[in-house]
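One chain, subunit A, links the two complexes that follow: it is found with subunit B in the first and with subunit C in the second.
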Partner chain A sequence: MKILTAAYAAVMNLPERPMRWAQGRLRGGRLGWVFVAPNLAVFALFSFLPIVIDIVYATTGGAQLLPSERPYVGADNFASLLDCTNHLDPNTCTRDLFWHGIWNTLRFVVFQVGLMLGFSLLTALVLNRKIMGRGFFRAMFFYPVLLSPVVVALIWKWILQREGVLNAGFMAAGVTPVNWLLDANWAFFWSVFISIWAHMGFYTLILLAGLQAIPAEIHEAAAMDATPPLRHFRRITWPLLMPSVLVVFVLGLIRAVQMFDEIYVLTGGGPGTATTFIVQYIYKTGFADGVRQYGLAAAASLLLAGVLLVLTLLQLKGQRAKNG
Partner chain B sequence: MSRVHLLAGLALLATASASASVANAGEIRIACYSDGNECPATMDLAKRFMAANPDVKVTIDEMPYKSILESLPVQLAAGQGPDAARVTLFGTVMQYMIDLTPYVKNPAYWEASFGAVLPWTRPPGVTTGIYGLPTQFTVTSPIVNKTLFDQAGVKLPADGASWDEWAAAVDKVAKATKTPYGMAFDRSGHRFAAAAISMGAKYFAADGTPAVIDDGFKAMASRFVKWNADNTVEKDVWASTGGGYRDAFEEFANAKIVMYHSGSWQLNRLQKQIGDAFEWQVVGNPCDKVCSGMPGGAAFVAFKGSKNPKDVARFFDFLADKPVYAEWMGMTNNIPAQAELQKGGVSYKLSPAATAALAAFGANAAKVSPTGYKLSGYAQNSAIYNPTVDRLSQVIAGQMTLDQAYARITQDVADSVAAAKK
Partner chain C sequence: MADMLTAKRGHHRWDWTDWAAHLYLLLGVLVMFGPVAWLGLSSLKSETGLNAFPPTLLPYEAATAPVEGRGNLRLYTIDSGDFAGQQLAEIRRVGIQAQMVDPKRPEVIIRLPVEGRTPVMRMRLATENYTALFSRFDFFRYFWNSSFITIVATVLTLLVNSMSAFVLSKYRFTGRESVFLVMLATLMIPPTIVLVPNYLIAAQLGLTNSLWGVIWPGVATPTGVFLLRQYMLTLPDELLEAARMDNASEWRIYWRIVLPLSAPALAVLAIFSVMWRWNDFLWPMVVLARSEVFTLPLALNSFQGELTTQWNFLLAMTVVTLLPVTIIFAFLQKYITQGIASAGVK
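Right, the complex of A and B next:
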């Protein structure tokens, strides 16, 4: 045992000499850089470098993949994406599919994030109560989160297609079947519904953790004061749950802006462009069209990154304001 | 002692790298997709080739068609591609393809055998060279559910009937037999082009540049949109699916449509999946200005990045050899691209219905218009096909008018062609 301890100590002390040597030479805060260097290297390689490459692609044109073979076009790709007579009407834009993607994404974010926050909160409040089968329901609400987005989309496609499970049920009940994925409004509705169904469990879990972190004494004190339930929620639960709500809001927002996989498998962005979101536009332009316009796709992804950056900064600002 | 160990280690490393390089010599990897059984059939022939040529190892990786379309060009650009691949839209990988003329045994045989389709694989402006081994010749054709016609008591329109006559007939059959739709088109610009060309679409200006929108194109586009609106054509295929290609074979196999506008590459599925469940029949392409379908086909093409182009050429020479090629076509039930075999000599294992279908496909192949060949051989034809599908789908979904779609198609094609030229 003593030998082992000594060996362990010897191994642990190995870096002492080089560290002392480094300390002697690197003064002030410079030694800190040595410690963060591995992390910085990983960040530079997998985050910073791709951003730089994306900028290179966004400022070059043509259909070549290698940057050295691509002609420099400056801000042409951005100008082309942003060129519209009326930005509210995609059909007046040079890149109308990009703007269809923008407006569809915006509409999706408003409905999906708002409804998901509401349903997650409601579910968390119910699951936080002492109801029968609470563990079972918690597991059930979380279960869809474990499924792959492609599996989720395929399951729902089987349900919603013209001769799917839902229409079979309708026909059995003597109700005229509806072609859910052929009508633009229904296709959009189901896109929102399915994404809420698939992701709600995760956000419910965060809110549930937030609810359980509220000290029980506060609830007890309110109960002793006979505080009405609505007032209890408004004055106690909601303010104390706010940090968790903010996290759910921002995570949900970012996920909604990036929405692609489920909807692409479910509708392919159709009918027409009714469920084509911005990430699908980027994918199609860069990787699925016969002539791949990597520059346009990169410029669109930089614009998307800008939006996500603003959202993240707003979250940070909100958190700082909350923390005083 | 340590020096001895070091030397021994270096010797081992050198042996290992030498054996690795020996293993790499003569090893070729081919990416393949199947319409029916093309990859397994090629694998069978590859085994025979390897038995006769033990110094070459052929590995065939079967993958989905979508991977060939979307992943292969990126792999090739990154220098990580296979030695060869089965490709149908040559423009997507043309810049990486290699001319095998210096490596094949008898270039004159290749020219004489595949001269009609080799130009499709050549880069723009290049008039000679062997860039690929055509694995089949395809032609678009309508396939009808004859049983439904019989049940409805409606006669099949005679050879030379127009698209309008066919639309009226299938509509009558669909109504009489309570079939949901009269016809379906694969969601493909290539399939639409076949119908548009029969309406007189030219697709190119006199100087050879794309000029997609003309009276012929408009005639078919307006009919197609109308047929989608009145349920003559199954709307789901084009309108309810965004994204890319979708075929309507399952609908046809399940007797949900009377007439299916697809092509000869479906023969294996027709024979296997439908068999004699109902009577199906390939008919002549409808005629308006011309009675043309669209030609097409896939080819195994070799890439510049290959370290063993000689071995790729040896394998291609083996497959291109007339008896082997005939056997290959018989195994895959494809129309041969080899000139002599097009006249006969392939022994197919087909049912009577499939034999008749093959003959009908062959007859349709003989009527393909020059515009069809020109469009099939145009390197950037996907820059024409994709906007056609995207924009007409938007019209069918009620998001834009036909006139707006025409303007967008023109712009999209011009943008893509300009991007490809940079």
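Right, the complex of A and C next:
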């Protein structure tokens, strides 16, 4: 510990002279700019500049990486992405994989966010009771949140494989084994299931914190009046929990729309296109295909960015409602 | 059901809702932790144990016995016929017939149908799955790459974001509000939508196939700035004034007074950062193409494509990857869950 403190002091002392010099020259709080400079530099380089470059890529074509070597194509990339005879049927689209990605993502978001919210809420309500070993149960539900997506995918791949433990259990119960990840509907089901498994602990924690923030007196008052339990939940717990539910809902949406890691390792987007989501389309088009189509990937990124912008504004609004 | 919906009940007599709640929790533990436990158990099985179907709970493997002049052969118990109850070793299989031999009388070859015999299994922890990771695969390198990225990135993240948070909470200067808003605005630019441009920038800076290429883009985080600023706002200004009286430089005030006092918030951010970095997948996959710079998740992902027939190594690798996070969680469980619940971010 002493060594660490000494090392900390030694390292942090290094900028002392230049910082003192800067302090002597900058008056009236302008020294603040020196402190925020590193942060702003990283943001500028890896967040704001990239949005501009995204626009440059989206409006140029070809497989060149350097923007100066790419021919200007105007809105062609967007037009090609959005070109469909029937937008409801991805197979009639020029970029059919993009539309498979959109519809799969939409379907995924509806099921995953809805079910995850339900299970998180149920778990939070159960954990909010007087229960022996509550800390242990809370930790168990939270544990998968910490696991790497690749680890999550491999754990389940091992369980779901043809000769895996799940099929063994089914056989013992007299049910024919299923090739879980080679059947389109089952693969989609497991994508939803596993992403809920991996993330619900986080949302449970937020909802549990929300439940615990409700003053005990309110519950006690309701108990005095002998309020029936269902009405107690509907009239007292649920409205007071609403701000936390909103935060969980929007955060869940933002993450579900960008789902990629676990599912990519688990199914590779298959079978066929059954579990190909929008971020996988961006990754595949920009980096994994033989011909790297940066323009299309950037155009798809910008469309996704539009959706996320709306969702993030909702989140900030929700958080303000929660904090104020 | 109805009672389950209401919080904290006063009395201690167990009614059916208590049973339902406990049943739900036990089922939850099975579903949430069972898969991980199954992975751990499986990773200690030898190849023959893993191929057994239906699988056994504990690590068993096919037993072998040395037979003179033939090396180690697999043992089978014969179920019926003249040799019922005896353990014989299999020399080879020809169609539905097997050539067997009694290890004690290796000169007599016995022909038996393959049905009507069961392999002899014995329990053994296949630790070679783990040792092979380091001898047969370049596992230590991936472990090192992941650790390097996690540690360096976390230190940089804490430093850079706390510097901003310090002045954003304790200084007044023109543009302060705008700076804070600009930083929060980056919440709307998640890494998934700037993959292509960031790849270009990393390439231009010579950061592709370099661990620094993974580290830099995530060093500044709006979550971090927000978290630390909110905490530093609660520190009394008098402490800073007192230090200024003693002629301490602003930099010194920052690292001698403000940072140590912000330790709880820094700890929360450190936990987040370690989680983000150790588990990061998409951006490293884009920026790192050569296998010698692979992180653990990347190595796992590439091995799962190549080693699907060698689950024993793949499972052991997965366990080693989740072990550090699991150990940290086991010790800091309360701290981590509280930190995340209070910050409400991930």
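In this section, the second predicted complex is superposed on the first by the 267 of 324 C-alpha atoms of A that agree within 3 Å, B and C clash if a C-alpha of one lies under 4 Å from a C-alpha of the other, contacts with A are read in each partner's own complex, and residues count from 1 in each chain.
Heads up, the rule we're going with is that contacts are C-beta pairs under 8 Å (C-beta built on N, C-alpha and C of every residue); 3 or more make two chains touch, one makes a residue touch a chain.
Keep in mind it's a predicted model, so treat the numbers as computed, not measured.
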After lining up the shared chain so the two structures overlap, which partner does A:Leu65 touch, if you call subunit B first and subunit C second: first, second, both or neither? both
Should A:Phe287 be classified as contacting the first partner (subunit B), the second (subunit C), both, or neither? both
Let me test your reading of the model: by the given contact rule, A:Pro228 touches which partner, first (subunit B), second (subunit C), both or neither? second
Which of subunit B and subunit C A:Thr275 touches, first, second, both or neither: first
Who does A:Leu122 touch here: subunit B (first), subunit C (second), both, or neither? second
A:Leu304 in the overlay: touching subunit B, subunit C, both, or neither? Say first, second, both or neither. second
By residue count, which of the two partners contacts subunit A more extensively, subunit B or subunit C? C
Classify the contacts of A:Ala6 with the two partner chains as first (subunit B alone), second (subunit C alone), both, or neither. neither
Does the superposition put A:Asn179 against subunit B (first), subunit C (second), both, or neither? first
So which positions on subunit A get touched by both subunit B and subunit C? 65-66, 287
Show which residues of subunit B lie in contact with subunit A when the two form their complex. 69-70, 73-74, 77-78, 89, 91-92, 235-236, 239-244, 380-383, 385-386, 390, 393-394, 396-400, 404, 408, 415-417, 419-422
Complex contact set, residues of subunit A against subunit C: 8, 12, 15-16, 19-20, 23, 28-33, 35-36, 38-40, 42-43, 45-54, 57, 65-67, 122-123, 125-131, 135, 137-151, 154-159, 163-165, 168, 171-172, 197, 201-202, 205-206, 208-209, 211, 214, 216, 219, 223, 228-230, 232-233, 237, 247, 251, 254, 258, 260-261, 265, 279, 282-283, 286-287, 294, 297-298, 301-302, 304-305, 308-309, 312-313, 315-316, 319
Would you tell me which residues of subunit A are touching subunit B in their complex? 61-66, 70-71, 91, 96-97, 162, 179, 181-182, 184, 187, 264, 267-276, 280, 284, 287-293
Contacting residues of subunit C [partner subunit A, same complex]: 2-10, 18, 21-22, 24-25, 28-29, 31-33, 35-36, 38-39, 42, 51, 53-55, 160-161, 163-164, 166-168, 171-176, 179, 182-184, 186-190, 192-201, 203, 216-217, 219-220, 225, 249-252, 254-255, 275, 278-279, 281-282, 285-286, 296-297, 300-301, 304, 311, 314-315, 318, 321-322, 325-326, 329, 333-334, 336-337, 340-342, 344, 346
